[in-house]
Amino acid sequence: MLYYVAMQINIPETLDAERVETIKAAERSRAIEIQETGKWPHLWRVVGQYANVSIFDVESNDELHQLLSSLPLFPYMSIQVTPLSRHPAAI
Amino acid sequence: MLYYVAMQINIPETLDAERVETIKAAERSRAIEIQETGKWPHLWRVVGQYANVSIFDVESNDELHQLLSSLPLFPYMSIQVTPLSRHPAAI
Amino acid sequence: MLYYVAMQINIPETLDAERVETIKAAERSRAIEIQETGKWPHLWRVVGQYANVSIFDVESNDELHQLLSSLPLFPYMSIQVTPLSRHPAAI
Amino acid sequence: MLYYVAMQINIPETLDAERVETIKAAERSRAIEIQETGKWPHLWRVVGQYANVSIFDVESNDELHQLLSSLPLFPYMSIQVTPLSRHPAAI
Amino acid sequence: MLYYVAMQINIPETLDAERVETIKAAERSRAIEIQETGKWPHLWRVVGQYANVSIFDVESNDELHQLLSSLPLFPYMSIQVTPLSRHPAAI
Amino acid sequence: MLYYVAMQINIPETLDAERVETIKAAERSRAIEIQETGKWPHLWRVVGQYANVSIFDVESNDELHQLLSSLPLFPYMSIQVTPLSRHPAAI
Amino acid sequence: MLYYVAMQINIPETLDAERVETIKAAERSRAIEIQETGKWPHLWRVVGQYANVSIFDVESNDELHQLLSSLPLFPYMSIQVTPLSRHPAAI
Amino acid sequence: MLYYVAMQINIPETLDAERVETIKAAERSRAIEIQETGKWPHLWRVVGQYANVSIFDVESNDELHQLLSSLPLFPYMSIQVTPLSRHPAAI
Amino acid sequence: MLYYVAMQINIPETLDAERVETIKAAERSRAIEIQETGKWPHLWRVVGQYANVSIFDVESNDELHQLLSSLPLFPYMSIQVTPLSRHPAAI
Amino acid sequence: MLYYVAMQINIPETLDAERVETIKAAERSRAIEIQETGKWPHLWRVVGQYANVSIFDVESNDELHQLLSSLPLFPYMSIQVTPLSRHPAAI
């Protein structure tokens, strides 16, 4: 079951620089880990923004929320989720 | 080169019903035709809306505009285009 | 699997009055039919608006889109779908 | 009398981490306490957001405001309240 | 129980002029009728707009929706309803 | 001369807690003082928000700005002012 | 007493062309008439739009609404009114 | 003197198809005519939209409004004008 | 050449109180200085807001930017500039 | 291949003043460096704002993102990218 997910990252300036680096490294590891399960088949950078456009393929709404909230950058992201269904003209 | 494209269809009520059906059939044919070239790798329906979420893979901005404006429903669509680039954590 | 669905109805003034009544009656029948399956557990009117707030309980995104697009008023509705998951503090 | 209530939580980064945990624990307790009175019949998490979608069932506007403002996270929430009434097609 | 209600009137140009006059006269009568019950204590015109700002005093959400939807201009109005409660500093 | 005034209060988290209490007490006193002059005939709390909906009755735009800017919370409020006039159907 | 008034004109395409010309001529006459009273001291065109930016100098909110609603294009305008007061640094 | 101008074209469906073609041809001629004067140095199509992004180089605000309002599609365009000045880091 | 300029002031709470007073005094002096040149013919306070509505009369876009960016509060203002031209019905 | 790029700069007040100056100087150098390659043919200041309007001419979406994210002010900018194509009436 597919979902379009748009993530915008907003790290507050007041956050400690070292902690930011630690979180970003953890984010990267976790993102790769989820992708390797096949549940995050597409991940693209939005040109000119600290944001991404993603497609998730999961069993349920609950599973999607568990995956998204497991991301180390989750507290600093604004996330929009759009459920997708099969398009009648898709080949 | 990838682009995220969101298309919202708004067919005016005043349009003749038969003409609408003709345009929709032509749209379907043209959508399949473009997908078969490999330039429109993903096409999904947004749940609850007469709208789609798409990924296009083209050589240039010009090519993308030519493809989109060749769609029979183009005059009745509101389209947002977001250029994508490779994400550093994508596998 | 639950979804919050907000439907706003906008019937164009140019639509024939009799056809409007036919569509509304069909909408009412179809709404009752879906509710009786248990897949549309909550349906409320928004005070002061020709709009509703609904909760759907379905197996998948595809099933939700099929139900929503089967509504006779679907072409005249603006629909927003929000996927829900279990809240950790819900009893 | 039913109300649709959407709560978005925004805890400022500058808040002390320990105090945040204390507030969250108190929030959880108070949320359960209100639910047990039957006045907060539905509480769902919005997928991908630190936000919830709720239905409240109270005697009056005043009672709803008292309940909402009694939540420990109230100062850090953006809340939208929509009054609901019976839908003519609800079964 | 008080509610702040903002009504914006948008009568489509395609509506027959005579019918518009009939509806406006009926709206005026119904508005006076409701005010005389004490349930619509305040009704003001927004300067420069075909819109009003109102306060309603009713027993329930259902009663408010019945009153608003009984207005002859209801199909041509965009209405926003905000529930009010007692302010701690109000005298 | 009447004005609809919507005030939304946003006190920054970085403000000293004691100073906040002092300002709120002063705000309360000043709000009561203005109401007693008859120039602030209505003051209601918006349900679920740290915000109010008010009606002011003053001699001029200048007088309204002097009253609003005399409020101790003025620097922390987002205020919208809408001039009102007599509604032709008001009784 | 001064007000900033922004008027955006939207004449529906379905309106008879001759009637449009009649209304525009009447608008022009009425606009000049009001300006000659001194109550509409400034009237400017917004570059690239069928819109104007105006300053009105009137005795009351009621008078402003009477002037604005007397404009022949009033039914086809979206108008925003902002009350102004003396600026402490104005010379 | 430079201005950034964004033009969005919205031709109503109710407009006669032949008249639309006449207007579009006239628009094209007039656009070329203005470009040849050097006052419209840049004109680009926005990908996926019936819209353009333009730079105008004119003597004054008045001249810009005269040029824009001389376009045959002017009544059907939504235009945003942004005045530009020299950037300190431009070479 | 006239421009409508709307300035909204947002001074961050974290700024030192004394420095704020110094900047405000400098702002006042600079505002008077510019007004005395005749290039800032109108300056009004927006009722209920720390904001102003202004008309500037300058030779060019560059001159307007130089004037606005010379204001001591410039770094703390959100400014919208709208170019104006002569209105055909202005007397 | 051309893109319209709008950059809005928002430097947080909490950032050290000296570091801000260092970043701005680096930004200026990098901006000049990119312009000299011919890939950033136009760079204008938006009048009254700490913002710019730019045209980039690059080989691909990836190249554009690399250029934009190489700007020292990138973490403090809100950037909107609009892909452009040739306009049929451009000379």
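In order of appearance the chains are A, B, C, D, E, F, G, H, I and J, and numbering begins at 1 in each one.
Following the convention adopted for this analysis, a contact is a pair of C-beta atoms (placed from the backbone, for glycine too) under 8 Å apart; a residue touches a chain by one contact, two chains touch by 3 or more.
Per UniProt, the chains are A, B, C, D, E, F, G, H, I, J = Muconolactone Delta-isomerase.
Note that the structure is a prediction, hence the values are computed from the model and not measured.
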item	value
Path length in the contact graph (chain B (Muconolactone Delta-isomerase) to chain F (Muconolactone Delta-isomerase), fewest steps)	3
Mutual neighbours - chains that touch chain D (Muconolactone Delta-isomerase) and chain H (Muconolactone Delta-isomerase) alike	none
Any chain that touches chain F (Muconolactone Delta-isomerase) and chain C (Muconolactone Delta-isomerase)	D, E
Equivalent interface to E-G, taken from A-D, A-B or E-F so that over half of the residue contact pairs match	A-D
Intercentroid distance (Cα basis), chain G (Muconolactone Delta-isomerase) paired with chain A (Muconolactone Delta-isomerase), Å	49
Interchain centroid distance [CA atoms averaged], chain G (Muconolactone Delta-isomerase)/chain J (Muconolactone Delta-isomerase), Å	39
Inter-chain centre distance, chain A (Muconolactone Delta-isomerase) versus chain E (Muconolactone Delta-isomerase) - centres from mean C-alpha coordinates, in Å	45
Numbers and ranges of chain I (Muconolactone Delta-isomerase) residues touching at least 2 other chains	2, 14, 45, 47, 61, 64-65, 81-86
Those chain pairs that satisfy the touch definition	A-B, A-C, A-D, A-J, B-C, B-H, B-J, C-D, C-E, D-E, D-F, E-F, E-G, F-G, F-I, G-H, G-I, H-I, H-J, I-J
Touching residues (chain side chain E (Muconolactone Delta-isomerase), partner chain F (Muconolactone Delta-isomerase)) in the complex	2, 4, 27-28, 31-32, 35-36, 42-47, 52-53, 55, 82-91
Of chain J (Muconolactone Delta-isomerase), residues touching chain I (Muconolactone Delta-isomerase) in the complex	13-14, 45, 47-50
Parts of chain G (Muconolactone Delta-isomerase) lying in touch with chain E (Muconolactone Delta-isomerase), wherever the complex brings them together	5, 12, 14-15, 61, 64-65, 68-69, 75, 79-81
Residues of chain H (Muconolactone Delta-isomerase) defined as touching chain I (Muconolactone Delta-isomerase) within the complex	1-3, 60-62, 64-66, 81-86
